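Each chain gets a letter, A, B and C, in the order it is written, and its residues are counted from 1.
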Amino acid sequence: MPAVQLEGLARRYGEREALGGVSLSLQAGQSLVVFGPNGAGKSTLLRVLATLLRPHAGSVRVLGKPLPEEAWAVRGRVGLLAHEPLLYRDLTARENLRFHARLHGVALERVERLLELVRLERRCREPLRTLSRGMVQRVAVARAVLHEPELLLLDEPRANLDPAASELVDPLIGAAAQRTRVITSHDPARGLAEADMVLGLRAGRPALLRAAGDVSVAEIAQLYR
Amino acid sequence: MHSSSPSSPAVGSGLRALSIAAAAVMAVALGLVFFYAPLDADQGFLQKIFYLHVPLAIVALCGFVAGGLMAIMYLRTREARWDMRSYVAIHMSLIFAVATLITGSIWARGSWGRWWAWNEPTLVSFLIVFLLYATYQPLRFAIEDPERQARYASVFAITAAAFVPMNFIAVRLSTAYLHPRVLGSTSNLPPRMAFTFVISLLAVALLYATLCSCELAAKRARAQLRTLRRLADARAGAGADAGGQSRRTRSETPPMPAAGTLAAPAPRGGL
Amino acid sequence: MRRTVAALLRKELLIELRSWQSVPGMSLFALTTFVVFHFALNRSSVDGDLAAGILWVTLLFAAILGVNRLFVADAEEGGFDGFLLAPVDRGALLLAKALALLLYLVLLELVAVPAFALLLLGPTLAGTLPSLVGVLALGDLGVAVIGTLVAALAVRTRARDLLGPLLALPLFVPIVIAGARASSPLLAPRGGDPAARWLATLGLYDLLFGLIAYALFDFLLED
């Protein structure tokens, strides 16, 4: 059973089509990397897969469950790392993670373990608004994997991270995490290295969909022209 | 999904029949009001505003509640046409509510020498309901995403429709009922007055239905026009620039009304 | 469900403890409004209908400050999405927010009612305080439920600061009618009992709006 199966997925924003005609199938354990210029529909795709947006047409199955009908069965099995950290700025890293742990029914020890993994155990008592963007992004990574999701949805996961921090979160959201992943990226070389499959979007339509081995960096760069 | 083009001729003739019926019944009602219904012993000629004021009030309230029911249909089916109907019903009821307030105010001036009477619960309730519904359009047009707009407007419409009866009960409880009048009940009216009232109510209801149909037809036509224009654009630009045009693909959602439709004809009255 | 509500409420109160954006503002607003009423009416003491009116108007306007802030952190910092990603009942958010608002209202009244008795009220509250607390509690329930629904409706619009109060005030009118009528004899020089019908009206209104809010709240969250 594929982890993600899309058949003619479309999502409109008013009269404008934000996403249309997307069909693909992603096997469990594989990584799909989505390229495309800003506004091409990458984030929309992730939000549909995360059950935050309902599809307007086509069929969507995530972890075997059809959306939006069985969205409730998918929630809690996917982890979304969005552009915004989805964390409260007035709360500390620990408070934020504990809040999400309670919502997901995860043991609070896991919060401490994750704080160590993202090297924030020292600053976990300060409100997030006093932390740097990179640190907040590390907390957001911890939040996204808190409940050990089967499917990770990562929206430009390394955008605010320096190389050291990027390495730090690798065991959580990188290939080493051994989870099914859908990743959006603007970095052709790096993205391609992570991918098993590549989806190129242009104005909401798939312009490229192939196994990563058959795609060249130049082809991806072409999408942005 | 929904396509409005095949139904348009039927809409046209239905609208014409409705308009004619509304005009005819309105003429009959006016005739009855002035030549058939007896003069009221206490209030004299002024009492004739009753045949306009009360039907306006009843129709406006029913329209508000109907808007709420259509909003329930929208939330169940997610079909944009239900949201559009709910919008038009509430919009038209708002206009009728303004007319109710004005006619009520005139009546109050004539009967008690004041333009406003706080001890008249129906009028006071109307003002509160009107103030609530007056925020419907600002709420609607403060939301960008058309789908969220429809959803939030529906939640508002249902809440407000439920508020209407609760508000009437609360206001009525609060008012010392000083001026027992014919309002709302036709049972204690002389038969000629009651008959005139029923025909007036029918006339105002038909007027409401006609105006709503007009607005709906106009919105539908505008949506069709926009779709056609987009198609034409797409065809014209197809050869020249395929990439640029694929952004503007056809969509099946009828676009929601823009502001500025408030200039609909005001309800005609008998004075 | 109970665990989720507890987690949400705990988060809500933590944020309020950290930022102190609602309760102090609401309380200070109420105090200032009493001072304004003193000068605007040119009266040093009020009782009966007038006292009930001033108290309710002040409390409601202060409540609106809290209503306007209720969902701002969630709308601006992605709290809605964070909540929606969790496999929990969405009604829990309504319940937790309404409970938080209810608590804010109680805290507001702990400041505002003694201040009102001290600054403006002529008759003493000694004998009628328990009844007044009861009337206020019934009113608070309705304000909390309506306030939560309205806040959720207004927060993701362009004009939320304007729409919140505009939507809330007409919906509060029945609460003002019943609340003020019920508390007016309690604030009169000779002290009396609130008419049962006003308490019944308040209770019924609370109940009906609770049901409406519960039925409709989910639609404000999905996208």
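Note that in this section a contact is a pair of C-beta atoms (placed from the backbone, for glycine too) under 8 Å apart; a residue touches a chain by one contact, two chains touch by 3 or more.
Remember, it's a predicted structure, so these values are computed and weren't measured experimentally.
Trainee: Touch graph across the chains, line, ring, star, complete or other?
Mentor: Graph shape, chains as nodes and touching pairs as edges: complete.
Trainee: Which one of the chains is closest to the middle, using the mean of its C-alpha atoms?
Mentor: C
Trainee: Determine which of the two chain pairs, B-C or A-B, is joined by the larger number of C-beta pairs in contact.
Mentor: Higher contact count goes to B-C.
Trainee: Compared with subunit C, which chain's mean CA position is the farthest off?
Mentor: Of all the other chains, the one whose centre lies farthest from subunit C is A.
Trainee: Mind checking the centre-to-centre distance between subunit A and subunit C? Centres are C-alpha means, answer in whole Å.
Mentor: So the centroids are 39 Å from each other.
Trainee: Rounded to the nearest whole Å, what is the centre-to-centre distance of subunit B and subunit C, using the mean of the C-alpha atoms as each centre?
Mentor: 32
Trainee: Measuring from the mean C-alpha position of subunit A to the mean C-alpha position of subunit B, what distance in angstrom results?
Mentor: The mean C-alpha positions of subunit A and subunit B differ by 47 Å.
Trainee: So which bits of subunit C are touching at least two other chains?
Mentor: In subunit C, 222-223 touch at least two other chains.
Trainee: Touching at least two other chains at once: which residues of subunit B meet that condition?
Mentor: As it turns out, subunit B has residues touching two or more other chains at 145, 147.
Trainee: Which stretch or stretches of subunit C touch subunit A in the complex?
Mentor: Spelled out, the residues of subunit C in touch with subunit A are 3-4, 6-8, 10-11, 14-15, 18-19, 73, 77-79, 81-88, 222-223.
Trainee: Per the contact definition, I'd like the list of subunit A residues that touch subunit B in the complex.
Mentor: It is residues 12-17, 20, 202-205 of subunit A that touch subunit B.
Trainee: Would you mind writing out the residues of subunit A in touch with subunit C in their complex?
Mentor: For this pair, the touching residues of subunit A are 47, 50-54, 72, 75-76, 78, 80, 82, 84-91, 95, 99-100, 102-105, 127, 143.
Trainee: Can you list the subunit C residues touching subunit B in their complex?
Mentor: Touching subunit B from subunit C are residues 149, 153-154, 156-160, 162-163, 166-167, 169-171, 173-174, 177-178, 181, 197, 201, 205, 208, 212, 216, 219-220, 222-223.
Trainee: Which residues, counting only subunit B, touch subunit C once they are in their complex?
Mentor: Within the complex, subunit B touches subunit C at residues 75, 128-129, 131-132, 135, 138-139, 142-145, 147-148, 151-152, 154-156, 158-159, 162-163, 166-167, 169-171, 173-174.
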